[in-house]
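Residue numbering begins at 1 within each chain, and the chains themselves are lettered A, B, C and D in the order written.
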Amino acid sequence: MVKIIIGAGTPSLVAPSAEPASVTAPAFSAVRGRTLKLIEPLSPEDACAQSMTACSPAKWHLAHTTWFFDVLVLDAFGLERPSTGDGLRVLFNSYYNALGSQFDKSMRGALTRPALDEVIAYRAQIDAAIARAIESGLDDRALAAIELGLHHEMQHQELLLADIKHLFSVNPLRPAYLDAPLERAAPAGPTQWRRFEGGLRSIGRDAESDGFAYDCEGPEHPGMLHGFELADRCVTNAEWLEFIADGGYQRPELWLDDGWKRARAEDWSAPLYWSMRDAAWDEFTLRGPAPLDPDRPVCHVSYFEADAFARWAGARLPTEFEWESAAVELDCEASTCDLLEGGELHPRVGEPGAPLRAALGGVWEWTASDYAPYPGYAIPAGAVGEYNAKFMHGRRVLRGGCCATPMAHVRASYRNYYAPDDRWPFAGVRLARQPQATAGK
Amino acid sequence: MVKIIIGAGTPSLVAPSAEPASVTAPAFSAVRGRTLKLIEPLSPEDACAQSMTACSPAKWHLAHTTWFFDVLVLDAFGLERPSTGDGLRVLFNSYYNALGSQFDKSMRGALTRPALDEVIAYRAQIDAAIARAIESGLDDRALAAIELGLHHEMQHQELLLADIKHLFSVNPLRPAYLDAPLERAAPAGPTQWRRFEGGLRSIGRDAESDGFAYDCEGPEHPGMLHGFELADRCVTNAEWLEFIADGGYQRPELWLDDGWKRARAEDWSAPLYWSMRDAAWDEFTLRGPAPLDPDRPVCHVSYFEADAFARWAGARLPTEFEWESAAVELDCEASTCDLLEGGELHPRVGEPGAPLRAALGGVWEWTASDYAPYPGYAIPAGAVGEYNAKFMHGRRVLRGGCCATPMAHVRASYRNYYAPDDRWPFAGVRLARQPQATAGK
Amino acid sequence: MVKIIIGAGTPSLVAPSAEPASVTAPAFSAVRGRTLKLIEPLSPEDACAQSMTACSPAKWHLAHTTWFFDVLVLDAFGLERPSTGDGLRVLFNSYYNALGSQFDKSMRGALTRPALDEVIAYRAQIDAAIARAIESGLDDRALAAIELGLHHEMQHQELLLADIKHLFSVNPLRPAYLDAPLERAAPAGPTQWRRFEGGLRSIGRDAESDGFAYDCEGPEHPGMLHGFELADRCVTNAEWLEFIADGGYQRPELWLDDGWKRARAEDWSAPLYWSMRDAAWDEFTLRGPAPLDPDRPVCHVSYFEADAFARWAGARLPTEFEWESAAVELDCEASTCDLLEGGELHPRVGEPGAPLRAALGGVWEWTASDYAPYPGYAIPAGAVGEYNAKFMHGRRVLRGGCCATPMAHVRASYRNYYAPDDRWPFAGVRLARQPQATAGK
Amino acid sequence: MVKIIIGAGTPSLVAPSAEPASVTAPAFSAVRGRTLKLIEPLSPEDACAQSMTACSPAKWHLAHTTWFFDVLVLDAFGLERPSTGDGLRVLFNSYYNALGSQFDKSMRGALTRPALDEVIAYRAQIDAAIARAIESGLDDRALAAIELGLHHEMQHQELLLADIKHLFSVNPLRPAYLDAPLERAAPAGPTQWRRFEGGLRSIGRDAESDGFAYDCEGPEHPGMLHGFELADRCVTNAEWLEFIADGGYQRPELWLDDGWKRARAEDWSAPLYWSMRDAAWDEFTLRGPAPLDPDRPVCHVSYFEADAFARWAGARLPTEFEWESAAVELDCEASTCDLLEGGELHPRVGEPGAPLRAALGGVWEWTASDYAPYPGYAIPAGAVGEYNAKFMHGRRVLRGGCCATPMAHVRASYRNYYAPDDRWPFAGVRLARQPQATAGK
């Protein structure tokens, strides 16, 4: 079995699937091409700017994902690579100490050179080299590295959209990434509570399982589930307005101590992209500013806000063990519609009647769980080992994928993670609670 | 059953025991008297100063623990209280928003008034009022509140010692809290690994159990234990010197990302109280500076350092589930010797042959566990609810008690917690690891 | 002529007078005794605490002024000194790099040892040694060093009072340094403008002049004075209330850019020690809290506030050249009454009719002048050179002395200086303006 | 005489000249066209990025200088203006509170929209409107406002170059703004000291004088000059290397207290753009990296470094009174060669034999003077008043212009100013000293 495991852009590491047979030149090209599709609405300036340290310029995403194939595939496996691009390597390494020094992350917006065109040309050269290599036949280890690179690329596709949204949001001109305005969503309907019985359950995915998974998604392991209930849909904007109206952002008793301090220091009074204009709320979206839609799920809230809301609502956030158990038991399906095929790039609560509405593909759902290794998880050897476990502190796990996640990147076992005060990811809230005497439906 | 639950000084909340029958006037007096005993070596200036925000002046500990009985017992139950001391209440509230405004924690050292004598007089008045109340007969709820106050007092006794140690450590005169110098410890001997089999286990203590427990120690609940091994003793200073010599503080691959940033920002290169003098390490102790004793357990390291050491050693930190299961299975006994009866106020690794040497009473042992609610834990109603769960973020659990913990305050279910960069508690490291093929005992 | 010149506690350096003949054992003893008198109202805790980095504990002032005589007189001139106190030297050096390492200024409050008694004993030993030396006969250089030490001591006497005032002000018990409450002042009367004609004037004092002066007070030098007018008294609290009522703290157009940023960052809305209680302003004084007296001069304002007030009033702050020229021309007399002889330790506007009311001894008066060397000023050689010019950046000059300045320390040529955002000194505002057509005398 | 006075981009305000007759459509067009010429080497990305808060993107300079003519000329005088560009106004206001709210300066790099093309189109529209207005005949007040706008534009031309230099310097690819590499300069030769006698002198320029001047350059006023000597040329890189070799950056006794703290906090060890490569110093220039030229003047040092160097050299910095008196007495001529006509954009020490070599047009020369109002200076009424005096704190005056200053913007009375820790302006050091017994030539 293949054991090459390499770190990814922001979060994760990987245990390649048993059968990277799906790595073909056309599949490779399709994923890579999707990134280029994503930057079509951007000017060179849009692609170069960085609006905060946590975000990266689109051009950087383009270059860094290419660097990945250049260094971790072509170089690593001794394959033929173009002679250009050497100067770009130090610029587009993200955080792999073992792979050379790194450019200050907060200054990525200052990298006006190389130009966007040069980066796109670099992409084309590397893509051609990889395609040649695939067609000439590669062993499983190399194919696994390419598969990993493709998942890494898909992660960055979502990041690119989240980062562009932030960039455009700070511009007083409030430009739209996509021109067509957002539709009003259908009524969300009341929350239904799904009940889950306690007992031994297994979560996690082993490297031996079908399909791709990052290493931190395994090993599969049993755990004791305690009976609980889970909301069938996420919290809506309408419900969040009630929270605000009830003083949710002013009442310390609703907040974790760390959250209260951060909320006061940054003067939070609503989700990140909400603003009050002419006495009404609007929300900044990738389709430009829109009146706040009460039936859409709340999005762009921090863990601290999610936790405060849950407390206010007399509920709590689910653990990731609960979340994955529920999603597996109910056999949830991914519902994200790909932006390249008419996707809105803004979340919906999902169809009524689904067991867990929009669990896979609406908003990333904050869980109560610290990002920590599963029992039996072993830090991989080599460079990978440096970069995997090192983020297993100070982050909370999110589950489910969002409206900006490529469909092929959404799965029930996926462990996304962010710092508890991060607000720019597409993150919302699904509530859990103890089983009720007169139960949920 | 009694349901009054109230927050405590730094960490915790409480589910009083079913039978607070042990609350008698002599027992009350004994615990309270111990605090006065602790300040005997201090001058009024020593008792007033605060060396960093996380620490409090000894006088503040004296006053705040008294405030607790004044407000949360005498007031709360309508008992007779002295007419004095009203002005002190706002000063010595710690963080209970529901109980009035609070004085800036970082400025406690500026409270030169009231004088130490006045605080001691206030203690005497409140003590007399409580003693009268106990003798006149109290219902279970009031007795439970007093019991809670006594555990709160014991927590502060340990904090007082940790805070004084920090205060004295920053003074270039390096004064000793106790005059007699520290003895050289016996050889620690090699680590033995204890093996524990996997399976369902229960940890946690319910309010209905015998003896006192804070509310966060429950409810008792089953969980899935995965087989593991645990070191029979804590890491020694000698072993820590090897870590340093091997570049432990200079190698990013050994550290969590957050830990590495903090270590670099604060330039950590050894445990908190170590210093190099004349080409040899010494350690600052409550008995003054002493040559570093290679056979004592390392103490005053942060979670980040503990985690880095474990990685370097090819091991890991135990979870709190593992720790408590092991301590219960092996029926560990508390070994702390009370400082008022000749205690050293400095840790030892414990007697060879004990199943887990000095597990209860050596050093607080960092676990890998985020401080989080147990399954089924319900946030108590009222003021208590405000102060309990609010610390359940950003802290790591420590287990076992230390050489400065009062004996009656040490138990296997106790969940202490600190921020991952706190170094002034008496905290050290016990390693865990996956079961080995050719196993330990 | 004597050329030994040494740095002083906070601000200054010194050119000893030609005739230090006034240095006698009784004179020495009188100045030193006054410091002890000042600490009589303080407990050991009061004397040990430090309420912000800019302030020092009273005990530190006691020790540091003694260190000065110990190191810069006894040591420097090879005189007999007591064998004790060696450990204290590093603690009580203030900022003389050339004279050894220094203890972190922000941590002076943590120096609970040596105890106050020990510091007082150290004072007595050094005093005895100095007295013996004086009586045994000293050369001019040594006498000049002692004279300097006495002026240094007087500076610290004022600092000690300012620092204690700050310490007591942050204590919610608001203790009084002196028990007798403050009297209501007589009506201040309207401002009269004094007119001064332009022309060549000389300011500054040479080392050769009569009486003592710090080195930065010289050399005497001519300059071009431009005609101006100066208010005969300082701005009163009543006038400051008008400034507040007119939005003075909310209007950016009144403020220097740096001042506005600081005012907003620290949320200034009134002078430092004012607070609104029960819908009326009170002011914290060394005699405890008092109702704001409209006829007293405003005190404890920063340079930025003084400048904003002047702009609001259609005036400006005087330059130090203007200030000294005016004070010399009008032959102003010091009016401070010594606190040890019934002084209020709170400023008055001074007697009507005086040419410049309370110019010497009311409040320190902010000038528009950057603290910079006079033309021809030469940085002294040796350790002194290190410490003199180094503060000649980022400070503004204040003139005139205040109600807490010892009478012997008040003179027209004295150049005090503070950072433009310092508010804890006894500093107020005297306005200047261009000559008016129909001018007022 | 015209009295309209308006604030400028970074520093200053203006008293227009008596005769703005020089404002013709061709003259206007020439100055405006020069800005467009300056951005020719830039890509859209280069023009959008901001490498630190003190710098602005080139696109912002293009737009802001246009905003000036749009709002402060067309609007202010009721002239016809194009209907476009309304949305740009809030974006490109710099700091005029009276003229609407301002976009966060630190985020200017995030303004990817409007695109560079749109900004250039906006320029063209406004330029056409101004040209039409000039040709149709304007009164003196409007012509004066245009003249002011042109000087404002010239200030921004220099800033644009300084900001691009900083942007390119942080890019590891180290791109060149101009392609041709820098020539080695001729030997600088030894410093000659020019001696100036003391006496009454007048400096400053009144609004009534010939030619344009900012308001802070006046009023003309007499002052007392004390005899001094001034170096005939600026300090060279070779001399700075001696300072470094002698421990200049490591010796606190050479530094102002504030400067030492800043130097340590930012770890200064050489001028801003110097770096050690392969054991030799190079310097980053607008023509790319170049070997350090020992005969060029040192450039890109802060006031603090300039002052430390002067102390090390046994000299001092001149006051601005000294500087202007000397330049006027010696009738210095501007020597800057315009970059558009083959200028190097890097300073030279100037021709030997000139009275003060390269005093006008080499490097900006730090003076010892605080930026403060001249005697008799009156804050202008209206919006201008808000923005003029408000920077008269915390800045030091620089004199002389630099290699990046347009020739028409260089004059002896010009008072440039920066914060004492600013290093990205083209600033260097000319030494002054007291008259020597055996005099200078």
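The rule we apply is simple: a residue touches a chain if its C-beta (ideal position, glycine included) is under 8 Å from a C-beta of that chain, and two chains touch if they have at least 3 such contacts.
As the structure is a prediction and not an experimental result, all values here were calculated from the model.
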item	value
Pair from A-D, C-D or B-C with over half of its contact pairs in common with A-B	C-D
Mean-CA-position distance for chain C and chain A (Å)	60
Where chain C and chain D are represented by their mean Cα positions, the distance between them in whole Å	38
Inter-centroid spacing, chain D versus chain A (mean Cα positions, whole Å)	47
Chain A, residues touching no fewer than two other chains	none
Chain-level touch network, classified as line, ring, star, complete or other	ring
Touching residues on chain D, where the partner in the complex is chain A	43-51, 87, 90-91, 103, 107, 109-116, 167, 170-173, 175
Residues of chain D defined as touching chain C within the complex	97-98, 200, 221-224, 226, 252-253, 255-260, 304, 307, 311, 368, 370, 372, 375-376, 378-379, 385-386, 389-394, 420, 434
